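Got a structure for you, questions after.
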């Protein structure tokens, strides 16, 4: 372990803003993508359902 | 292995479904290991101080942004030459993740640039060509969705992706061809100028990014297959079962 | 309603295009319950005449009177009373069949409910294409949206240019039926066409423009 | 047979807004494309001119305004031209709703689709050019006041250019000179702020111009549409 | 009944050139409009950013290139889009002439109508920005080499975007990023000359790119047209 | 010419649009001297079928053979042999009538002399509109340029979508005459139409697509 304390870790030698903005953005972006993937999958499954109903209707 | 067996969307749908969880798991494990090395173990950089730790996500995402474009263009080549359906779907599935990594590379680069270069943005060749890459991804996504008929979108976007491949060498070699602020390659076949822990951390993070990208692309391609093959028999049976 | 006297009176109308005089000193009336067919060879000026009557094109001479009142004096009232269907369909390719119909009725300030729209679309055989963007429709299906609009629009005067284009036999029969109902209710129609239009109960007159 | 409708201003306005926004919403990617275009044009300049930070900060406000202006310009055909080609404009002029209503509605929808997102996006581009805090704010404010003027003037020009040959180019020649004063005051505001002067004179001039345009332009648009359908 | 024709490359090329030039000639004002647009964009800048002579001379080459690029971009729909809308493109793909011929002819005509006049006009704009002798020459030379590349790349993108929703904006998103390298080298040449360096490396890169584009792009255009009429 | 055996053979062609299967397993032949009328209600897929045959649209399945040779093997040859007239006219509004005709013939690689063009235009009644830009022409006059083109193009196979739209009686008669001459010379025609086409001397068959 390189750091002396967790506080030192979070402070990142005074560059906390830049480091955590970078890491934060990455994880936020990944989270958003994962949510969007889920949404898209649910929508695709829903569309199939709808299609089937339409077909039953005709 | 019989490639043709898996190149049918219905069989690939199953294969992708089985692979994706493993890929995500591997991505999580390697990410944990890489972050541990990068954030907790690796020593500070003599010149830059702690900001340099951005390297552990900047470089993997930057590499991935180019690599994914390359893979996408290969699938596009298959689409145009053999008119295979699955390859076009894979290209569509990769594009958003590629764009995401490109955007993150730009973002992390900017936040690294502010403390080291004193500015968020400069218009040098490396940064600009990376921005162009982002626009190429956007163009690909927009064009592939701009047609009523998805097959037409596939082919048009495939052609665009292939034309855009010219940009990749420009990004990669820009630091050599032009005088740029951005630093040149420090990882090369001749050996590297980096601390071993840093290098390991970066490579582990790169693998993690690769696993993640593959997993995300496979999950997305499953949705795309469902959207496209909505009316196929096997999709119907899929839900009924 | 001013039964007995002409609702639309057109007097002394003239139009030239470049060196060609298309028509001049043309007089005609249309009475309630009457269909006036404008006929003549290609390029004789039927489209131009209809556009002059609506006010889209400015004639070189002529007076138009609607319900006893000169049109330029109260154009808004005249516009409220006419339904025009020209060579161009006025459909948005990106809107669905349903949306196209709904917006074109709202533009005519006709109050519409969803059921009436659904019924009108079913009557022209578009119930299964309700949600399809208009760009995907066939030539005849696009025209049928226009028929559905006519069925729902209470306008008194129909001004139609080649309404039978691209329609199949069933579609043509449907149009004649709509027209007949319109005339029976005391409506007027001014129609340019190369087809023979014979609404069973309406009065039909012809206006011939020389070629 | 029921009494004929005479239409209303608000009916026409609501109709046009609802329809044009629905059309835009059908393809939300188009709005993103407008933004992408804005970003692209703004990035062309540093590439062409070179990238010294002082120079960029100096030309930043101007470039952002030029980008916004060109993006607003490219969206102009959406106001009337497409409706002219497919015959919708004919139907509109024959509608009982008075033209002032729907013409204003179409222009308002155009601003919501093009000017508003541009305004919201401008701070991001400003950052790339190294503009700072207050300057960014003034720039966004000047765009918020200026882009509606662009939509109004552009709408009038688009209506005039309908059916004329030469399409986009003619429109450019008509619209861009009219846009110039807006550009001067708009870019001037941010620049004044950047150089430590008060931006208020520029901004109040823009506001005055906006009010004048709101009052005067819609009537001009109506006249232009009348001429074009003939 | 005579033997069917199989068409020729040269026949298609000549047909497309003759037709598109005839169409342009029918409205020579459009070429003037292209030039006017170029002049306008170039003059917007001094208005947007103020008119100090050194600053202007500094940004001159870049602004001229950006203006030329935007003008060439605005003329793009003329290559394929109008033919697509009125059904001519269908007839072309059903013609016995091989598509490579007429596609190349259309692109060549586009360059003659847009790129060539821009190149010839550039020295005039350069003078306005206070550029001098050799720089003007290098600027014109770089445009002469660069604008054909713009026409070629733009043609490919225009063909790709046919029938797509999103019109001009989509085209911008596709074409402008590809134009960027051309812009960098083109503006770089004149700037190098202005700052006393040799412009030859930039110019030879442009020439190489032009040759590559001439060889590669027409085939891509044909592929794109095929995809679009489908 | 391969008299006696079908010049155009279409086998097992299928096309779906969205959820709708327009047609499938459709087989037909066209013999020299024969007219095949494609018929069916609006939206049944006539236009789509014609576009599939020309190659403008990719069918979902099917093989097309022209003069004994599969079309994909030698598409250039097939393209040299067909004259296609679709819903879109392919006219440039800014070119004159004459120029439009001339360029569309040169595109088909047909050698033309000015006299022949003048005569063909006179035959369709456009001699006085020779120098008029196409945008000024009436709907029917625009269509008549297409008739003049057919008269001058030696293509073996005509593929026409609604060729009678907007034509007046004289125009329709003129088209039937042209078609008859074409068939008499051993030409083939594949025509989608809602009108009744009865060329006096040609053989006519019908292909019905269910709605």
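So that you can tell them apart, the chains are marked A, B, C, D, E and F in the order they are listed, and the count of residues begins at 1 in each.
Just so we're on the same page, a contact is a pair of C-beta atoms (placed from the backbone, for glycine too) under 8 Å apart; a residue touches a chain by one contact, two chains touch by 3 or more.
Computed from a prediction, not measured in an experiment: that's the story for all the values here.
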(request) Supply the minimal count of touching-chain steps required to go from chain A to chain E. (result) 2
(request) If you tally contacting C-beta pairs, which comes out ahead, C-D or B-E? Let me know. (result) C-D
(message) Shared numbers divided by all numbers used: is that above or below half for chain D and chain E, i.e. same or different?
(response) same
(request) Report back the single chain whose CA centre is most distant from the CA centre of chain B. (result) C
(message) Among all chains, whose Cα centre is located farthest from the one for chain F?
(response) A
(request) Mind checking the centre-to-centre distance between chain A and chain F? Centres are C-alpha means, answer in whole Å. (result) 56
(message) Measuring centre to centre with CA averages, how many angstrom lie between chain D and chain E?
(response) 26
(message) Averaging over Cα atoms per chain, report the distance between chain E and chain F in Å.
(response) 36
(message) I need the residues of chain E touching at least two other chains; which ones are they?
(response) 27, 165-166, 170, 173, 176-177, 180, 184, 230
(message) Multi-chain contacts only, two chains or more: what residues does chain F have there?
(response) 19, 58, 87, 94
(request) For chain B, jot down the residues that touch at least 2 other chains. (result) 128, 135, 138, 142, 146, 231
(request) Name, in rising order, each residue of chain D that touches chain C in their complex. (result) 1-2, 4-8, 11, 15, 18-19, 22-23, 26-27, 86-88, 90-98, 102, 229-230
(request) Please name which positions on chain F make contact with chain C in the complex. (result) 17-18, 20, 40-43, 45-47, 87, 125, 128-129, 132, 136-141, 143-144, 162, 165-171, 194
(message) If we count contacts the way the header does, which residues on chain C are in touch with chain B in the complex?
(response) 133, 135-136
(message) Which stretch or stretches of chain F touch chain E in the complex?
(response) 1, 54-58, 76-77, 79-82, 84, 86-95, 99, 103-104, 106-110, 133, 154-156, 185-187
(request) Give every residue of chain E touching chain D within the complex, in rising order. (result) 27, 29-30, 33-34, 36-37, 40-41, 44-45, 47-50, 55, 58-59, 61-63, 65-66, 69-70, 74-75, 77, 165-170, 172-173, 176-177, 179-180, 183-184, 187, 191
